[in-house]
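In the two assemblies presented below, chain A is common to both, partnered first by chain B and then by chain C.
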Partner chain A sequence: MYGKGLRTLSVATLITLIGAFALVFFWTPNEADQGFVQKIFYLHVPMAIVALCGFVVGGIFAIQHLRTREPIWDLRSYVAIHIAIILAVGTLITGSIWARAAWGHWWLWDEPTLVSFLIVFLLYATYTPMRFAIEDRERQARYASVFAIVAGAFVPLNFAAVRASQENTHPRVLNTTGGALPGDMRLTFLIAIVGMTLLFITLYRFELSTKQTRSHISSLKRKLSGDDDLPVLRRSAAPTL
Partner chain B sequence: MPALPFGAPALPLDEAGKYVAAAYLVFFAIVILYVAIMAARVSRMERDLAELDALVPDREDDDADTPAARVGVVE
Partner chain C sequence: MRVLGALLRKELRLELRTLESVPGMALFSVTTFVVFHFGLNRPNIEGDLAAGVFVVTILFAGMLGLNRLYVADQEEGGFDGFLMAPVDRTWLFVAKAIALFTYLVVVEIVAVPAFGLLLLQPSILPVLPSVIVVLLLANLGFAIIAALIGAIAVHTRARDLIGPLICLPLLIPVVIGSARALEPLFTQGGAGTLETKWLLILGLYDLVFGLLSVAVFDPLLED
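And then the complex of A and B:
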């Protein structure tokens, strides 16, 4: 009912990701400067891009929630941000591993790209506790939407500020010259981005349908037990429909 | 790409392989962990559905005790 088309999406995601990783290891040449370690790039960068886009998408859904007041948009915003946080954790860990291999350090505190991404991550790390702290469901949804919009607007601003920075150790990937990636590397990178985007959409749809089904079951339970007029009293960070 | 800091040369394959494997393993571990948590939630929903199933026959029994049903019994 809620998970329509999820199987096809999952298969497409799996095929694209396996294809991308096969290209990474069996087709794309090693980078001249970094050698084999640069293979982390095809995982780390798409994950970072999709995570940041996920935060922005969460903000867009939150705008829809404030416009329509429909709880489904709050749920969509919550799920998009949740999946983006998971990908952001992956980005930080893989980035740290790459930094250790390429630069000899797990983390560089004077590097704007790394620190700005950490700030964005920490900002969104407060989203779920903030929701949990508000008991009233309507107020929770409203405040969470305002948070998602403001934080979502901060993401591109932060990105632009980092791009403007001159003090960069971290390489630039997306620029007007295509990131100086040769054709085969660029193709692999684009397929990896498509795969990661599909993974985001699959996990998003999976979690959304699970939450919708759970809400449906809870509502049926309340109806069958005869207390369907009673409000949901259990405190939770997740929205209810 | 800009030059690497600290003039670090490319790591040999046996050294670099560890880091590349670690990064990809972290990714797979995150996805598998997520799927495992979602699987646990799905099994909890299955239990809830079983509870709902148990409630439905109860209501059917209750329906049998309604005035309409009792009229049917008298007839």
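And then the complex of A and C:
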């Protein structure tokens, strides 16, 4: 009852992602300077963009939660941030591999995009511990929303501040000044972004419906055993409905 | 405004009577300079190293203030008393931020001369006005973030851990702005000039997070 349309969505995600990677491996040319390793770009950049958007979307859901006080918005915000954190870990790992291959180092401190991404990741890494440290569920939801809004606003500001402090070495590929992508690479890249967005939405929907189903079941169970007035006692970082 | 005055008087009187935060923060910063002297094994420092050591020391001293900021309200029922009063809750945030800002200024009145005496090689006197401008902007940013996150952290189980853990990444733009702005001022042989770029970044940060904190503080106090 909660997972309506999930199958279609999963199939669409699978097809887009497989299509994107088929294009990456069999159609797009090797980049002249870096060769084959540059193809990690089609995984790394969409993942980074979708992760950052996921953080901001989590903040927008949190605003909705504070306005309406519906627990479902807190759950949505939590799930969006949760999936975005997972994608952020993937971004850091793939970025590190790419940096090693392209620049010869696993990590470069004079690289604003890398550093700002790490800062944002470190900030969001405290989201779950913070939730876990607040026992009262209603308070946990409110405080997590405040955190999500502040952190969501922090994402763009942090990128601006870190970028101001350093020279640009990270390639800007989608604007015209930073070496615009040739047509076939651009098309593949756009398909990869769409695929990654779909992956985010699919994972988001899966986790959301799992959480909803689980809390529905436990409320039914409590109703059956006749103690539905009792509060949930188990401590958890995840919100309950 | 009367509410703000009353809250602020309460904060400052509490601090004057208990002396819980400021002396500890000041002593911490001076001790940290000594620790840096031995850690770096240098008689004096200058330039980017000096700016980094100074900013990070003040940041960590500020963390001590952050951890104490709401503890009395939480343990002695200050929150309950305030919630019963028919006033806008955001004033508590403003009062806390101003109080913490004041603490930081007092700490820096001790820490800046101590830093000049103990570690900094070029004299700090000729650049003192520029240093004060940078520090005031940095203090404001710190006070805003700490007053907001402190209110979250005080209700968590591991509040001394959660507060700094959230604040440190959030404050990195302030660290960047103030450390880079102080770097030319602390450079030996003809102090460089203050770059307006960093003041703009600090000012923008203060403005954005000031407004944002005022907007989201209210839900933190409901019960």
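One rule holds for everything that comes next: the second predicted complex is superposed on the first by the 228 of 241 C-alpha atoms of A that agree within 3 Å, B and C clash if a C-alpha of one lies under 4 Å from a C-alpha of the other, contacts with A are read in each partner's own complex, and residues count from 1 in each chain.
In this text, contacts are C-beta pairs under 8 Å (C-beta built on N, C-alpha and C of every residue); 3 or more make two chains touch, one makes a residue touch a chain.
From a predicted model like this one, the values you see are computed outputs, not experimental measurements.
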{"item": "Broader residue contact with chain A after superposition on the shared chain, chain B or chain C", "value": "B"}
{"item": "Chain B versus chain C as contact partner of A:L123, first or second or both or neither", "value": "second"}
{"item": "Which superposed partner A:E135 touches (first chain B, second chain C, both, neither)", "value": "second"}
{"item": "First, second, both or neither for A:Y204, with chain B first and chain C second", "value": "neither"}
{"item": "Which of chain B and chain C A:V146 touches, first, second, both or neither", "value": "second"}
{"item": "First, second, both or neither for A:A161, with chain B first and chain C second", "value": "second"}
{"item": "Which superposed partner A:G90 touches (first chain B, second chain C, both, neither)", "value": "first"}
{"item": "Which superposed partner A:L220 touches (first chain B, second chain C, both, neither)", "value": "first"}
{"item": "Partner chain(s) touched by A:F61 [first = chain B, second = chain C, both, neither]", "value": "neither"}
{"item": "Residues of chain A defined as touching chain C within the complex", "value": "66, 119-120, 122-123, 126, 129-130, 133-135, 139, 142-143, 145-147, 149-151, 153-154, 157-158, 160-162, 164-165"}
{"item": "For the chain B and chain A complex, residues of the former touching the latter", "value": "1-6, 8, 10-13, 15-17, 19-20, 22-24, 26-27, 30-31, 34, 38, 41-42, 45, 48-49, 51-52, 55-56, 59"}
{"item": "Residue ranges of chain C touching chain A (in the complex, touch as defined)", "value": "148, 152, 155-159, 162, 165-166, 168-170, 172-173, 176-177, 180, 197, 201, 204-205, 208-209, 212-213, 216-217, 219-220, 222"}
{"item": "Chain B-touching residues of chain A, taken from the complex the two chains share", "value": "21, 30-31, 33-37, 39-40, 43-44, 47, 86, 89-90, 93-94, 97-98, 100-104, 168-169, 171-172, 180, 199, 203, 206-207, 210, 213-214, 217-218, 220-221, 224-225"}
